[in-house]
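Below are two complexes that have chain A in common, paired first with chain B and then with chain C.
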Partner chain A sequence: MMLLLRELKIMLRSPAGAIQSLMFSVLVIALFPLAITPDPDQLEPLGIGLIWVVTLLSCLLAADKSLAGDYADGSLEQMVLSDYPLWWVCLVKSMAHWVSCALPLLLMAPILGAMLAMPLDRIVWLMASLVLGSPILSLFCMLGAMLTVGLNQSSALLPILIAPFLVPTLILGTQWATTGGEAFYGYMLAALLCLSLVTLPFATAVVAKIAVSR
Partner chain B sequence: MWRWFHQWGSPKFFYHRSGALIPVLALASGLILGAGVFWGLLIAPADYQQGESVRIMYVHVPAAILAQSSYAMMAVMALISLIWRLKIADAAVQTVAPIGACITLLALATGSLWGKPMWGTYWVWDARLTSTLILFFLFAGVLALRNAAGQSQTAGRAASVLAVIGLLNLPIIKYSVDWWFTLHQPASFTLTDRPAMPFSMWGPLLMMVVGFYAWFFLAWLIRLRHELVKREIRSDWVQQMMKQ
Partner chain C sequence: MLQIESLSCFRQDRCLFKDLNAKVLPGQALQIVGENGSGKTTLFKILAGLFEEYDGRVITAAGSLYLGHRYGVNDQLTPVENLKFLLKLNEIQLAPGLLMDALARFQLSAELDQPCAALSEGQKKRVALARLILTSARIWLLDEAFSALDAPGRAVLSEVCQAHLAAGGILIFSSHQGIPEFAAAAQLRLEVGS
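For the complex of A and B:
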């Protein structure tokens, strides 16, 4: 619990990172009508997919920063050495990534949806799919951050490593939202969330040990 | 069993013993591939629907099969290197990744060349094409991590973890792409529901598959032996070999 509080305090005292990733998402969404068409009839069917892709990208982009500080000042090493179970540390890091990156986007989703001329019921399904799907993104992003922390080109490398793993989440999430809550996709997305939640923190813990011995 | 395992796990033993395999594999892959190409491209009949373009199959199908199984082999090697810390398994992961990536690229390229006369387009977002593309990205990820992290042992372990997680995710990716595809597009064409092939077609196909595997193991073995010498350059057995 103390660990989670620490992460949240760090975030609250320097909210620039979270604000930046949110600004990035809003800006990218604003670029699409400019690049494609301002016509609401053509934008509306793209909305769910675009917001999902932007969420995925902003999670990937923010991931390497979420560990870089801890790695540079040695706190990551201390966390690995500490009494806390390492998987718990990794899970907390993932939660912090989610709170700083996915949660603001989730709260902004109605506004982003309105920018893309989405009707309210589709926005609701979009938010539901993000609630289930974005934690999976954060868990995988933390794995990628741990794999690349301390490497030279980590910010470019991380999306290459992790993006293929996010394909199922992207497919299930967008399908669930566009079909208006087709139960099959919802169940599968929930199953994927459960599976990621019980496996990825442990995988990240294995990688964390490798990362600090680098 | 364990004794065998330890012996072959030693780079020195492996290097000296595996040398004898190279001519065997080279001969086998040369003969089988040559005969398969001759049989498939010149003798086998043209398909009554697809015409001569069906001959792309004799390269495409072996490449696609090999692409998937080379990822599986890489991941198994990665698991072995993570569990038993065998140096040779780590070298095997490193050397098979570029071969696998090239084979996957070959499968994608031949597939899209085949797609042009068959489906009228070089690329469709078909479930198989998409999952093969993702497979290529998985290979690319392992390679990229390896390149960025350098030659150290920890770099190898990180790449191995990535490869193993990729293998566990492969079925999830494959099924999710299938579900996505079935919803998006009607199955206007399927590769699976073809009428059963006559022997004159699956004969050369099987031959090409076997030839591809023989060539794959040959390329892997040559790269692996080279990598072992590079890694063990300071050890006695390499120094002795260099003097001779």
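For the complex of A and C:
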């Protein structure tokens, strides 16, 4: 709990990172109709996929920043040495990442959906799929960030490394929302979330030990 | 007690040190001496348990506290928040008064409510060092803790260290400046390219 409060406090005092990833997403969504077509009939089917891709990209882009600070000032070393279980530290970092880049997008989803002429029921399914899917993105992004933190080219390496692992989530999430809640996709997405929740923090913890010994 | 037995470490196929032996008993200090790049920081990381690719044995009979070149002070948090966080990492709960006293000892009373980004490098280091006053760890691993501090800061730090030794603690430290208070401490010398 103490760890989570610290993350939120740091985030609130330097909100530039969260605002930047939200601005990126809103801009992409706003520019899309201008570049492709303002015709609602053509835009509407693109909406779900577009907002999902934007969510995925903004999670990826924010990932390396979410750990760089802790690595540079030595907090990460101290967390590894602490009495707290390391998997819990990693889970908290993933939650903080989710709050800073996926949550603002989730809250903005009705407005973004309206900008792409999506009807209300599709927006609701989109948000449901983001609720289930975006935590998986954050868990994977934290694993990638931990793998590349402290390396010179981390921001270039991270997306290449992690993007393939995000594709199943993207497919299941968009399919679930597009089909209006077909049970198969929903169950698969929920199963993927449970699986990542119980495995990825432990994997990230192993990687964290390697990261601090570099 | 802290004991090092025939400790060797290779990094990127380069031998940092070979066959180190040392034994530090409660109440004793050990100075790690060596030029830049001789492996002092790696040795500290091994002793702290952060780096595990070595041969030989390290035996530590008590909890340790490691303060390295990067000492875990976040720029967005105030000195009090930073100190509280660092202490809670080792599940030490303290009355706020004690925190203030520890920070006051390191002359940080005036900067308590500004984020650490506004502090100088030396002041940030003092925030991390204030943790020494409150920790329950028996083994202190201070890698270059005396650098970036002014003369009064160094004086406070060596007082705190001496109190720790007097209470039966163990102090392992490295420093490129001579610290007169610890001139008599045992030394462990690391040679470049040995």
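Following the convention adopted for this analysis, the second predicted complex is superposed on the first by the 214 of 214 C-alpha atoms of A that agree within 3 Å, B and C clash if a C-alpha of one lies under 4 Å from a C-alpha of the other, contacts with A are read in each partner's own complex, and residues count from 1 in each chain.
As a convention for this text, a contact is a pair of C-beta atoms (placed from the backbone, for glycine too) under 8 Å apart; a residue touches a chain by one contact, two chains touch by 3 or more.
Worth saying up front: this structure is predicted, and the values here are computed from it rather than measured.
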item: Of chain B and chain C, the chain that contacts the larger number of chain A residues; value: B
item: Chain B versus chain C as contact partner of A:175, first or second or both or neither; value: first
item: First, second, both or neither for A:40, with chain B first and chain C second; value: neither
item: Contacts of A:213 with chain B and chain C, given as first, second, both or neither; value: both
item: Contacts of A:74 with chain B and chain C, given as first, second, both or neither; value: second
item: Touching partner for A:2 - first (chain B), second (chain C), both, neither; value: second
item: Contacts of A:157 with chain B and chain C, given as first, second, both or neither; value: first
item: Partner chain(s) touched by A:165 [first = chain B, second = chain C, both, neither]; value: first
item: Footprint overlap on chain A, where chain B in one structure and chain C in the other make contact; value: 213
item: Chain A residues within the chain B interface of the complex; value: 143, 147-148, 151-154, 157, 160-165, 167-168, 171-172, 175, 179, 184-185, 188, 192, 203, 206-207, 210-211, 213-214
item: For the chain B and chain A complex, residues of the former touching the latter; value: 134, 137-138, 140-141, 144-145, 148-149, 152, 154-155, 157-158, 161-162, 165-166, 169, 172-173, 175-177, 179-180, 183
item: List of chain C residues in touch with chain A within their complex; value: 45, 48-53, 66, 68-77, 81, 85-86, 88-91, 115
item: Touch list for chain A against partner chain C, complex; value: 2, 6, 9-10, 13-14, 69-70, 72-75, 77-84, 209, 212-213
